[in-house]
Amino acid sequence: MLTSILSPMVLAFLLGIIASRVKSDLKFPDSLYQSLTIYLLIAIGIKGGHKLSVAAFSEVWQPSLAAVGLCCTIPLWTYWLMRKAGKFDVPNAAALAAHYGSVSAVTFSAALAFHETLKITYEGFMPSMLAMMEIPAILIGISLARINAPSITGEKQVPLKEVARELLAGKSSLLLIGFLVIGFLVGDSGWDQVAPLFDVPFKGVLTLFLLEAGLVAGRKLSDLKKGGLFLIGFGILFPILHAILGIYLGQLAGLSLGGATILGVLASSASYIAAPAACRVALPEANPSYYLTSALAITFPFNIMLGLPLYHEIAKLIYHIN
Amino acid sequence: MLTSILSPMVLAFLLGIIASRVKSDLKFPDSLYQSLTIYLLIAIGIKGGHKLSVAAFSEVWQPSLAAVGLCCTIPLWTYWLMRKAGKFDVPNAAALAAHYGSVSAVTFSAALAFHETLKITYEGFMPSMLAMMEIPAILIGISLARINAPSITGEKQVPLKEVARELLAGKSSLLLIGFLVIGFLVGDSGWDQVAPLFDVPFKGVLTLFLLEAGLVAGRKLSDLKKGGLFLIGFGILFPILHAILGIYLGQLAGLSLGGATILGVLASSASYIAAPAACRVALPEANPSYYLTSALAITFPFNIMLGLPLYHEIAKLIYHIN
Amino acid sequence: MLTSILSPMVLAFLLGIIASRVKSDLKFPDSLYQSLTIYLLIAIGIKGGHKLSVAAFSEVWQPSLAAVGLCCTIPLWTYWLMRKAGKFDVPNAAALAAHYGSVSAVTFSAALAFHETLKITYEGFMPSMLAMMEIPAILIGISLARINAPSITGEKQVPLKEVARELLAGKSSLLLIGFLVIGFLVGDSGWDQVAPLFDVPFKGVLTLFLLEAGLVAGRKLSDLKKGGLFLIGFGILFPILHAILGIYLGQLAGLSLGGATILGVLASSASYIAAPAACRVALPEANPSYYLTSALAITFPFNIMLGLPLYHEIAKLIYHIN
Amino acid sequence: MNNLNLLTIIAEEALAPSIEKEIVEMGAKGYTSSAVSGKGLHGLRDNQWEGENIKIETIVSEDSCKKILGHLQRKYFERYAMIAFYHPVQVVRTDHFL
Amino acid sequence: MNNLNLLTIIAEEALAPSIEKEIVEMGAKGYTSSAVSGKGLHGLRDNQWEGENIKIETIVSEDSCKKILGHLQRKYFERYAMIAFYHPVQVVRTDHFL
Amino acid sequence: MNNLNLLTIIAEEALAPSIEKEIVEMGAKGYTSSAVSGKGLHGLRDNQWEGENIKIETIVSEDSCKKILGHLQRKYFERYAMIAFYHPVQVVRTDHFL
C-alpha cells in the first residue's frame, strides 16, 4: 500500500496537483507533453511486442477474448447508467461510455511499475491487451450517440467509417500497435539496441508525465462541482466494479495473479488521450468538463493512488492467496 | 584546474559563446530550454532529497543556518555597494542584490560535477542548501526597492505578499523543494526507479544546457560595455568574496572541504532563472542588461571556468590542506 | 540482410511512412525534431572526437584525402548529368549536385548501427570524415549555379562568402565540428561523464528520429511522379555508384572493410539537413520537390534498407572476402 | 475591382486539416496557420489534454470570403469551439491571391 | 449599433495571466493568446532567459476596448515592455462577442 | 498627420534575421515575430525538413511601410516564398512607433 503511494510517480502526480492549486507558473511546454506521450506509447508498445514474441499463442488468445469482451460491454452499461441514473443527455452519456470503455496507457504503466516494485510477476504480453482495448469502446460510444440522437445530419456529421479510420490511424493506436509489431519482429538484438532509451529510464519518464498529469488534474478539480456528487461516485465505484470484473475474467482466462490484476486495472481505467481527442471531433456536443473531469480528476487519481493496492488485495482474495 | 576547464560542460559553454559570436543559426527551441530546466531542477531536488533522507539532522542544521545567513546578508551589502560605489538607481541596485543573493542551480551542478571529477566527497544534502538560498534574497532585494522608492503605488504595485507567493509557487522553487521532499520520501527503491533518468545522464544534460547558456551569454557579451568596467569588476570580485565567506562559514558549520567549497560556490553564484523572472514582474524599472549581463555573461562564466578551481584552492588553504 | 531490415530503426522508418500514408495525426512537434537533430549531431561529434583522440595521424590523413576528394568531385559530375541527361535547369541541377555531394548524418548513423549489429569493426574516427564531407559539396553546388546563371545580381544575390560563413556557422557543421573538438579534448574521464546521455541511448534516439523521417518521406512519396522515373533511377543508381567509388577509395586509403563501407555510405548518402537549408536561401529558384524528394524519399530509404547490406557485400568483394 | 480580405478562423485544433482543405477548395490561394490557446464560450482551451486551438489566416477575395464563412457556419459553427472574423487589407501582389 | 474591434496586446509574457483575467473582467467574452518574440524600445525579447512576449487578441465592443486600453495604460504601460493596438473587424455572430 | 499601419510579412523562416534587420533600418521602431506554417504558390510549408515560415508584424508610419514594401519587392519577392500585407491600426502611444 504505502509502497505505491510513496512511489515517485504518485508523489509527482500529487506535486502537480499542489502546484496547480497554488497557482504555480510551472507549465510543461506543449511539445514536451507531446514528446512524453510519444515516448510512453512507443516504450509500452515495443516492450510489449518483444515480450509477445516469446509468448505462446495458447497463452494469449483467452486473455485477448476477455479484454475485447470487457471493452465492448463496459460502454453499453455505462451509457445506460449515465442516461438513467445520471440523467445525462445522449452525447454526454455516450462520451462517458467511450472514455470508461477505453483504457489509460499511463494507469497501465503505473500498474506495471506497481507490480515490479512488489516483485509480482505478470504476463509480458499485457501491453497487447492495452492496444486491443483502446479503440472498440470509443467507436461503440460514438455509435450509441449516433443511434440515439440521429438529429445532426448531412455534412455536419463525421461518418462513422471516417471516425474509425481516424482512430486506427490516430497517434496513440498507431504508435502502440506499430511498435508492438516492431518489438515483435526485432528480436533480442533489436531490443537490446533500444532498451537503453525505451526501457531503462521508463519509470523516470513516467514520473515526469505524472507531474504534468497532476498539473492538469489539479485544475480540473474546480470543475468537480459541475459534475456533482453523482460523477464522483460513478468515477470511483464503476472503476472498482470493472476492476473486479477484469480480475475475475483474467483468472478465467488463465492469467497469473499479476496479469489478472493488470487486466482489472485496464478495465477500470478511463482513456484521456485517445477518447477525448475523438470525442472533441465526433461528439462536440458532449461537455469535456464531464468526461475529462471524471476520467482525469477522479478515476485516474483514485486508480493510481488507492485503486492499484486495492485491486491487488481483491485479486489476492479471488486467487485465494493471503 | 585543467580538468575543470576541459570538462565537456565548460567546453560546451565555450562552444555556445563561439556559436553566438559567429552568428550561428544554432538555436535551442524554447521548449527544449524549458524542458532542460525542468529536468535539472527535478534531478537536483530528488537526488538531494534522497541524500538528505540518510543524513542526520545534527549534520544539517548548522550548514543550513550558514546558508540562510549568507543569502540574507549578501543582498544587503550588494545593494549598498551598488548604490554608493556603482551609482546605480534604486531598482537596478535592488535587482542586482536579488540576483547575487540568490543562487544558480547550474553553477551548483557544475560544482558537484567538478568535485566528482576530482573524487572529492561532499555532503549529499547540499541541494537542500540550494533550495533554501534561492528565494529569501530575491524577496529582500525587491523589498529594498519598495522601501527606498515607494513612488509607484496603487494597483500598479505588485504587493510583496503576492511576490512572495509567486516566488514560492514559482517553477524553480516548487520543483526543487517538491522533489527534495519526494526524494526524501521515496527511499532507495523509489530512487532506483528514477535514477536511470534523473541521475545517470545528468552530466550529459548539463552539458546540453551549458551549450544553450553559452549561446545566450555570447550574445550578452556585447552588452558588457553598457554595464561598464565597474560591473565587470563587481561580477568577478564579489563572487570571490562571497565564495571565501561561504567556505569559511561552511567550515565553521562543520562541513567537509567539498561541502564548504560548494557552499562557497552557492554564495558566489548569481541566479538567472528565478531572479530575472521575478524582477521582470516586480522590478520592471530595473534594466535586464545590467542584472542579466553581469549574472550570465560575467559571474557565471567566471565561476564555472576559473571560480571552481580557484575556490577549491582557497578551501584547501582555509582547511590547511596542501 | 534481414538483420538490417528488421532493425528497430528501419522498421520505425517504415512505420513513419505507413503513418503518413494512412493520414495519421501523428506529428512530431517541431521542437522535438530540432532537439533530436541537436542530439544526434552532438552525439556523433563527441564520440567521433573521442575516438579521433586515440587514433594516429598516419591512419587519418589518407582517408581524409579520399573523403574530401569524393565530396568535391561528386557534385561536378552530378551537376553535369542533371543538366545533360536530366534536362534540369541550372538551379535544380546545382541543388541536386549540392545534396548528393554532401552527406547524411542519419544514414551515417544507421551505417554505424548496421556494422555494430553485425559485429564488424570500423575506424572510430569516421565521424570526422562525415564532418569534412558536409560543406564543400554544398558550396560547389551553389557556385556552379552562380557561374552558369549569373543572371540574378545586386542585393538580390547572397554573396558566396556569406553563404560559406553561414554554412560553417550553420547548426549542423558547428555542432559536428565543435563536439568533434570537445570529444577530442575531454579524454576518457570527460567521455565517461557524457556517454550515458550521448552514447548509451543513441540507437534508441535514432529510432525515434527515423520514425519522424518516415513521416516526412511518406508525404514526399506523392511528389515522386513530379520527379519522374529519371529522378528515381538517379536516386538509386548514383548512390550505388558513389558507394562503390567510396569503398574502393577507402581501401586505397588503407581503411578496414568496415571503414571503407562507411566511407562508401557517406559518398552515396545525400544531405537533407544542411543542404536543403542552404539551398532554400542561396538557390531559392531550385524546387524542393526535386532535391528533397530524391534525397529523402528515394536515396535515403534505399540506402538504409537495401543500400547498407548491398554495400557491405560489395565491400566484401572488393576486399576479396567471402 | 477586387478587394481582398484577411479572413481569420480560430477553431478547435483537430479541425485544422479539414478546414484548411475546404478553404482552398473554396478559392483561397493559400493560408497561414499557427497554434494558439484561448478562452471563449466553450471555456478555457490552453492545454493539450483538453485541446487547444488553431488560428488559420487566409487572404481572399470578398466572394471567397463570403463563401467560406457560409460554409463554416453550416458545417461547424453551432457545434464546435470556433470563431471567424475578417477585415480588408492592402497586399503587394493582388494577383497572388486571386 | 455595435461595432466590434480586434484589440491586440503584446506584452512581457509574465503578465499574461493578470492581463487575461482583467480583460475578461472588463467585458471581453474571450481571447486568443500565442507566444511571440519581438523587439522594441525595451530591446530584443527573443529568448527564455531574458523573457519573451505574449500576444493577446480579443474581439470586443468599442466601449470595452476603450475601457481595457485605459486600464492597461494606468496599470502597465509606463513600466512594462508592452504595446496595444486595435482595428474594426467584421464577425460572423456579433452576439458571440457582446 | 501620422497614420500607422500594421505591416505583416510572412516569409521563409530562414529570411527572418535579414528581414528583421532591414525593417528596423527602414524606420520600424520594433517588430513582433512568430513561427507559422502555411500553404501558398510555393506549396505546403509545414515541417522543419522542407522549412516553415516566419510571421513578422510591425507597426510603422505610412512612409516606412511603403519603403519597406518596396525593398522587400526588390530584394525577395520574385525569388522567395513570401507575402506581405498591411492595414491601418489605432495605437495607444503613437510616438512609441515613430
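Per-chain numbering from 1; labels A, B, C, D, E and F assigned in written order.
We take it that contacts are C-beta pairs under 8 Å (C-beta built on N, C-alpha and C of every residue); 3 or more make two chains touch, one makes a residue touch a chain.
Bear in mind that the values here come from a model prediction, so they are computed numbers and not experimental data.
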Greatest separation from chain E - chain, by CA centre: C
Of all other chains, the one whose Cα centre sits farthest from chain F: A
Between chain D and chain F, centroid-to-centroid distance (C-alpha), Å: 20
Rounded Å distance, chain B centre to chain E centre (Cα mean): 34
Euclidean distance of C-alpha centroids - chain B vs chain F, Å: 39
Touching two or more other chains - residue numbers and ranges from chain A: 25, 29-31, 34, 200-201, 277
Multi-partner residues of chain D (each touching 2 or more other chains): 14, 34-35, 87
Chain E-touching residues of chain D, taken from the complex the two chains share: 10, 34-41, 46, 53, 55, 69, 72-73, 77, 83-87
Residue numbers on chain F that touch chain C, as the complex places them: 12, 14-15, 35, 43, 47-52, 74-76, 79-81
Parts of chain F lying in touch with chain E, wherever the complex brings them together: 4, 6, 20, 24, 29-34, 59, 87-93, 96
Residues of chain C touching chain F in the complex: 30, 33-34, 152, 155-156, 216, 272, 276-277, 280-281, 284-285, 288-289, 292, 296
Chain C to chain A touching residues, read off their complex: 3, 6-8, 11-12, 15, 18-19, 22-32, 113, 117, 200-201, 203-205, 207-208, 211
